[in-house]
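In the two complexes that follow, subunit A is the common piece, with subunit B as its partner first and subunit C second.
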Partner chain A sequence: MKYQSQSIAKLYFIAAIGLFVGQILFGVTLGLQYVIGDFLFPEIPFNVARMVHTNLLIVWLLFGFMGSAYYLVPEESERELYAPWLAKLMFWIFLIAGALTILGYLMVPYATLAEITMNDLLPTMGREFLEQPTITKIGIVIVALAFLFNIGMTILTGRKTVISLVLLTGLIGLAVFFLFSFYNPDNVVMDKYFWWFVVHLWVEGVWELIMAAMLAYVLIKVTGVDREVIEKWLYIIIAMALISGLIGTGHHFFWIGAPDYWQWLGSIFSAIEPIPFFMMTLFAFNVVNKRRRDHPNKAAVLWALGTAVMAFLGAGVWGFLHTLAPVNFYTHGTQITAAHGHMAFYGAYVMVILTMISYSMPLMRGKQAGNARAQVIEMWSFWLMTVAMVFITLFLTGAGILQVYLQRYSDTPLGFMATQDKLEIFYWAREGAGVIFLIGLFLYIYSFFAKGEDVVMPEAAVAS
Partner chain B sequence: MNTAIIEQEPKLLPGDLAIWFFIFMELLVFGIAFISYAVVRVQNEDMFNQFQLTLNTELGAINTIVLITSSYFVVRAVHTIKNHGDYIGCSHWLYAAIAGGGVFLVLKSFEYYDKFSAGISLSTNTFYMFYLSLTMFHFLHVILGMIILLAIAIKAQRGGYSASNHIGVESGASYWHMVDLVWIILFPLVYVMR
Partner chain C sequence: MMKSETSKNNEQQLKNASNAALASLLNLTILPVISFIALLFIYKKTQPGNIDHYHAVLGIKINITAALALFLVSTLMIVLGGFHSPWTWVYVITYFTIVHTIFIVFAIWALVRSWSGDKLRSKHN
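The block that comes next holds the complex of A and B.
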């Protein structure tokens, strides 16, 4: 760690991992509610647990992005953070606001929460993933603006690199597209239409820039490969991600009441979306193969390669599976979507943040890399979580295919609930994989505390 | 000595490898769109034939000549820098090529103005949906190509390229030829073939 203010990232990362645990606990609860419908009812009904599961994910990923930016930007800009105090202040504001929101979901009925938070003054609540009370949304905007100001000033007054500029572009996009969450038209078609401006343009647009910049940064650090080579890849990847991703929004407009032409535009452009992810996989393996040094942090290299592969599978392959309009006609909103959602979020965004944490946490604790035993435990947690996620995805895909057949394709279609009964075996299997994931997560946390001998690399191997 | 040997080896692709990944991606998108057009056309032949007649083939043909001429200017730009190291001359050819792109955009805008005043939109019918989205997507590429050429022309004017270092000019030229190539397929496919 070269600059003192980089250590602010630690706060953000600890909070992120804490919320991650919460997300997975609710995930395991939800998984059980699929098969035991009244589990924890009426204390935590399914709809509330689902809202907490997805909202915690978004909030902890935002913590992860911010922490990563606070770590990465000073080093790229070759200066201290513009205002470290502001970063700390925003951390506490965001954490308290986030915690209060989640408590609000759990303690009072959603309608009461809307009343308490005066949603009627500017109604924005009640939409999937954007359930946050309006005041929380305003809080998110304030935190995002302060964050962008801090990061932006650091970048603009310091060394400007391709990585930090791509990251900044992604983060500005994140803030700008979130503003659509305040637009809540009465017309349900228009509402859904602009809802996707937040949801799709985040995860299939600007977040990809953030992810690519973070991955490129870690790869430069752990491989010592020339910046010029990595920057060239970065340019192509983000150009492809934007060309395909922006118009690719159309794959959400097939059946919501938007004009017909979206079926063509959405199908064609989103069919291209796997390519930038495939390029990212090629890029990561290429760079690691051409490495000019062996970094002592083997776990971070594993996470970086894992991110590239899993993002391609989860976002690329599983996305393509149901993105063409004629296919999506049958699969829309089934467990196929859930399968894609799980692996894409894990492979692209969860893993890239864990990559950043894996690389930077030892440095913030005054070491090049975690000790040998800690790294072994961390790599075990990598495999447990990743393999568990592969199985969650496969079981949900199995459930989805059967669901499509029974409910929508066969000559004698069953109703929704009757179909769900037939999927029980898949849901039980998914729950099992979910528990393995939770164990992997606990192991991951344990790896930060594991004692052992420091990894010392020969001088020649470390020097670039 | 080593570098001299490397320079003598015939290169497979002019310009930077990165631009070729990009070009490949672009051609893939257009390729899928052209195939989709062909498939839908077969299913709606009468309708497509009827509405193709409403397109302005003359303007389209003039635009084809404009783009091919502009591509020729880019060829001259590469030739000038590569064989003579004349960066000022190179930049002049590039500006001429950009002007060609500008003429294309102006003529195309007349065509769009005509169609939009007739109340035609993406939702009018499947033919117009393809016509508008394909040509507009290409229109955006002409703009992007012009921006790329402009960046290269400015750098060339300042002496940023030479007879031995002109990979940027070749990369930009390759991209511009791609924009041209797509139009050469698009024009007969959408305007002419019936």
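The block that comes next holds the complex of A and C.
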């Protein structure tokens, strides 16, 4: 760590990991409710637990992105953060607003929450991932603006690198597209358009820029490969991401009452969407293969490679699986969607943040890398969580295929609930994999406290 | 004189090697069959013991193994499980997707190794 203000990232990362634990606890609760329908009813109904699970995910990813930016930007800009106090203040505001919102979900019925937060004045509540009360959304915008101002000023008054500019572009996009969540038209078709303008343009657009920038940053640091090489890759990746991702939004317009041509546009453009993820795999493999040094932080290298591969699997392969209109006709809104949603979010955005944390946390604690034992434990947690997520995905994919067949493809289709009964075995298996995931997460947290011997690299390997 | 001759040779080999690895990857993804034929042509241009030969052979091996693992095993699943059983499709589609992906990721690594003129195992640096 070269600049004092980078250490603000630590606060953000600790909060992110804390909320991550909450997210997964609610995940395994949901998984259990899938097989034991009245588990925790009426205290925590399924719809509430689901909302908490997905909202915690989004909030902790935002903490992770902000923390990563606060770590990355000063070093790239070669100066201290523009206003460290602002970053600290925003941290507490965001944490308190986030905690109050989650408590609101859990303590009062959603309709009551809407009432006491005066949703009527500017109705924005009720859409998946964007369930936050309007007042919380306004809080998110304020935090995002202060954050963008802070890192924007740091970048503009310091050294400008391709990495920091790509990151900034992605983060501005994140904030701008979030504004669509304030527009809630009565027309359900229009409503869906604007919902996807947030959700899709985030994960299949601007977040990819954030991800590519963070991955490139860590890869430069751990491999010592020249910036110029990495920058060329970045340009192609972000160009491909935007070209495919923007019109690719059409893969959500197939059956919502939008014009027919979206079936063509959505299918064709979203079929290209795997390319940027594919390129990220190629890029990460290439850079690690050409590395000029072996970094003592082996765990960070593993996370970086893992991100590249799992994002390709979750977003690229499992996205492509159901993105063509004739396929999506059958799979829309089934467990196939959930399978893809899980592996894509985990493989791309969860893992890239864990990569940043893995690389930067030891440095913020005054070391090059975690000690040998801590790294072994961290790598175990990598494998437990990643393999568990692969299995969650496979079980949900199996469930989804059976669901499509029984409920939508068969000549004698079963009803929704009759079909769900037939999928029980998959749901139990998913729950088992979920528990393994949770164990992996606990191990991950333990790795920060594990004591052991420092990793010493042979002089030559570090120097070259 | 001799030196530039060999370096030209090496360059050509490196080019063949990466073309072979690329053809192998394309055959697994967006351009099947045609890419395999291209791969066979590249193979014919190479000499045993050279890096381009290594990558051409590797590509052929990956693709033949993939074809067997994907089509033979899937066909067997369909024959044994029955075309009209939903469970057949549960296994076939899930199996095909994940195994196919593993081969693609492997071929990406092979491509990257061919770019640096390395075999899969030999130590780089």
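Basically, the second predicted complex is superposed on the first by the 463 of 464 C-alpha atoms of A that agree within 3 Å, B and C clash if a C-alpha of one lies under 4 Å from a C-alpha of the other, contacts with A are read in each partner's own complex, and residues count from 1 in each chain.
The criterion applied here is as follows: a contact is a pair of C-beta atoms (placed from the backbone, for glycine too) under 8 Å apart; a residue touches a chain by one contact, two chains touch by 3 or more.
In this text, all values refer to a predicted model and were calculated from it rather than measured experimentally.
J.: Where does A:Val317 make contact in the superposed view: on subunit B (first), on subunit C (second), on both, or on neither?
T.: A:Val317 sits against subunit C, while subunit B stays out of touch.
J.: Which partner does A:Ile93 contact after superposing on A: first (subunit B), second (subunit C), both, neither?
T.: In the superposition, A:Ile93 touches no partner, neither subunit B nor subunit C.
J.: Who does A:Leu402 touch here: subunit B (first), subunit C (second), both, or neither?
T.: Touch partner of A:Leu402: subunit C, not subunit B.
J.: Taking the touch rule as given, give the residues of subunit A at its contact with subunit B in the complex, in rising order.
T.: The touching residues are 232-233, 235-236, 239-240, 243-244, 259-261, 264-265, 268-269, 271-272, 275, 279.
J.: Under the definition above, what is the set of subunit A residues touching subunit C in their complex?
T.: Its residues touching subunit C are 278, 281-282, 285-286, 289-291, 309, 312-313, 317-318, 321, 390, 394, 397-398, 401-402, 405-406, 410.
J.: Would you mind writing out the residues of subunit C in touch with subunit A in their complex?
T.: Touching subunit A: residues 86-87, 89-91, 93-94, 97-98, 100-101, 105, 108-109, 111-113, 115-116, 118, 124-125 of subunit C.
J.: Using the touch definition up top, name the residues of subunit B that touch subunit A in the complex.
T.: So the residues of subunit B touching subunit A come out as 16, 18, 21-22, 25-26, 28-29, 32-33, 36, 122-123, 126, 129-130, 133.
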